[in-house]
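Each in structure tokens, the structures are laid out below.
Each of the two complexes below includes chain A, the first together with chain B, the second together with chain C.
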Partner chain A sequence: MELAVTTEQGRVPVTVLHVKGNLDSTTFLTFQNEAEKLISGGTQDLLVDLNEVPYMSSAGLRALNHIYNLLRAKNEDQATVTKGLVNGTYKSPHLKLLAPRPRVKDTLKMSGLDMFLDIRSDLKDAVAAF
Partner chain B sequence: MRARAGVTRSPLRLTRTFEGSLEQLALMREFVVETAQVLGGNQEDAFACELATDEAATNIFNHAFETGQGRITLTMWRQDAQVVTRLHYQGRSFDPSRIPEPSLTGPLEERPAGGLGLYFMRQLMDQVDFEFDAVNGNVLTMRRILNIPERYGFMELQIERPSGNIAVIHVKGSVDGSNFKQLIEQVETLIPQGVERVALEISGCEYMSSSGLVALNAITKLLRGERAPDPENGWAVLKTLDDARSAPATAKPTLALINPTPRVDRVLDLAGLKNIIPTYSDTASALAALG
Partner chain C sequence: MRDNLIITRAAELDALAVFRGFIAQTCKQLGIADDVSFQLQLACDEAATNVIQHGYEGMNPGSIMLELQPGPKKITMLLTDFGHPFEPVETEAPDVDALLNDRPTTGFGLYFIYQTMNDVSYFTDERGNHLVLTKNL
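Then we have the complex of A and B:
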């Protein structure tokens, strides 16, 4: 698995983490550590580009969930989040996913992560959504 | 000839042992994807087996083996319409009923490791069974009902005799565990009639399971004047196809395939048969090669 980082300017600066290769139990930690490094370096809004990920297991989903938790806004009201989750209206404002392939999308759906992670197919559109 | 699905007993059982740690995962997945397709699964079935095996093996390496190192023997076979994937290993046991179902309605909070993996296994498979045995080893068996075509078990054979020693058999429908022997028998009845070379026109064959591959091997042997191997010998039967490679390069092929569908073509390719049995896109070129 290879990782690359770019930045985009929308309403806010968005860090794009491009993943190339399988996200499984042998690679998720490298991915998760890179995201942690970005967040501790000041990234507040992260777009994970999954376009070149042919395969993702639950290990990759756990990493995404961990990153989601790190990016949760400090002032985010837990009650509002929970209510939004129940209503299906809440999506993380700080972590979004770009262009997962069909199999990876199926895996995201099976885990339920798609319920709170916004999935966008277009880079510009994804950046504008932050 | 029309055959109806009976009790399917696929003769193939494929086993491979993986020793090491998580770095074995990629090899295990590759084995499972290929085998699931050779056993008659489509790409969706193969993906389901791939992900479920990955989740199972990840849990075993991480939690069952004290050092993260160990040996897992992976076996796959067909049982009726199911593909069965079995992992056999020595290691710590656990109580699957005590792994809570993950909450899927929100962000996952901290929970015992393996929960999401186990959930995936149960989502992707129709049945998941654990048997723990400290002496003989633990066995995890996962069964999935394959996406098999509606015409499973229906095979139609039509014979054409373009010249004295050549027969073209048009195969329609599905060549699978319920009827592959009839295809072999068809060739057996043609040989005493003077047939020495056979072209199987399979453009109308939507589905070919591993049993169909066994039939192709048996036909190759029959046409070379050898006895057909006992199809119950399973994978060993297919392995004897290696004999075909040692045949003189100048020898004309005795069996040719015409126009396989993409799905069947993929199965032939994965099983390595495309290197052994020549395949042609039309009848004329197949007859030219055989004649």
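Then we have the complex of A and C:
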């Protein structure tokens, strides 16, 4: 698996973490560590580009969930999240996913992460959504 | 007569990609749909990960064997290891509220196995621990 980081400027600066390769038990920690490094370095809004991820297992999902919680801990309060969940309108404002392939999207849906992680197919659209 | 569809690897994480590749290649040769192939790979991956990460705890690392048994209406995957027995139980979907609050959940692995396979069974005998995963075609 290869990782690359770029930045995009929308309403806020968005860090884009491009993942290339499978996200499974062998690779998820490298991915998670890179995201942690970005967050501890100041990243508040993270877009994970999954376009070149052919396969993701539960290990990749756990990493995404962990990253979600790191970003949320820094920026969100419980009341806002709970209200949005009850209304069915909540999506993480700080972690979004870009262009997962159909099989990876299936896995995201099966896990329920798609209920609170915004999935966008277009980079500009994704950046504008932050 | 079919080739012997068995592959054995050391119970290390590197085996996961090998097993997925073996399933993908076999399904392609047998004309099995990509969706089914993907679900078999995912279920195998989750089950094998459990064995690799927990099955040989406190023991010398052992091996893990994957056997594919294709039939006219179903394909069976048999995963055999020689570590600690671990009988899987069907789990609910991980609770979203727990995921959102970083609380422990039942985990995705077993849930994925039961979601993707039509039948899951497990037995242990003198030849090891056997997880039998069946997918209808």
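Everything that follows uses one rule, which is that the second predicted complex is superposed on the first by the 127 of 130 C-alpha atoms of A that agree within 3 Å, B and C clash if a C-alpha of one lies under 4 Å from a C-alpha of the other, contacts with A are read in each partner's own complex, and residues count from 1 in each chain.
Just so we're on the same page, a residue touches a chain if its C-beta (ideal position, glycine included) is under 8 Å from a C-beta of that chain, and two chains touch if they have at least 3 such contacts.
This one's a predicted model, so the numbers in the text were calculated from it and none came from an experiment.
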{"item": "Joint occupancy of chain A by chain B and chain C, clash or fit", "value": "clash"}
{"item": "Touching partner for A:121 - first (chain B), second (chain C), both, neither", "value": "neither"}
{"item": "First (chain B), second (chain C), both or neither touched by A:22", "value": "both"}
{"item": "Chain B versus chain C as contact partner of A:61, first or second or both or neither", "value": "both"}
{"item": "Contacts of A:33 with chain B and chain C, given as first, second, both or neither", "value": "neither"}
{"item": "First (chain B), second (chain C), both or neither touched by A:86", "value": "first"}
{"item": "Region of chain B that runs into chain C when the structures are aligned on their shared chain, from 111-119, 165-173, 219-227 or 273-281", "value": "111-119"}
{"item": "Shared contact residues on chain A - chain B and chain C", "value": "22, 24-26, 55, 57-59, 61-62, 65, 68-69, 85, 103, 107, 110-112, 115-116"}
{"item": "Touch list for chain A against partner chain B, complex", "value": "22, 24-26, 55, 57-59, 61-62, 65, 68-69, 82, 85-86, 103, 107, 110-112, 115-116"}
{"item": "Chain B residues touching chain A - in the complex, by the definition given at the top", "value": "22-23, 25-26, 29, 47, 50-51, 54-55, 58, 61-62, 102-108, 116-117, 119-120, 123"}
{"item": "Parts of chain C lying in touch with chain A, wherever the complex brings them together", "value": "13-14, 16-17, 20, 38, 41-42, 45-46, 49, 52-53, 93-94, 96-97, 99-102, 107-109, 111-112, 115"}
{"item": "Chain A to chain C touching residues, read off their complex", "value": "22, 24-26, 55, 57-59, 61-62, 65-66, 68-69, 72-73, 81, 85, 103, 106-107, 110-113, 115-116"}
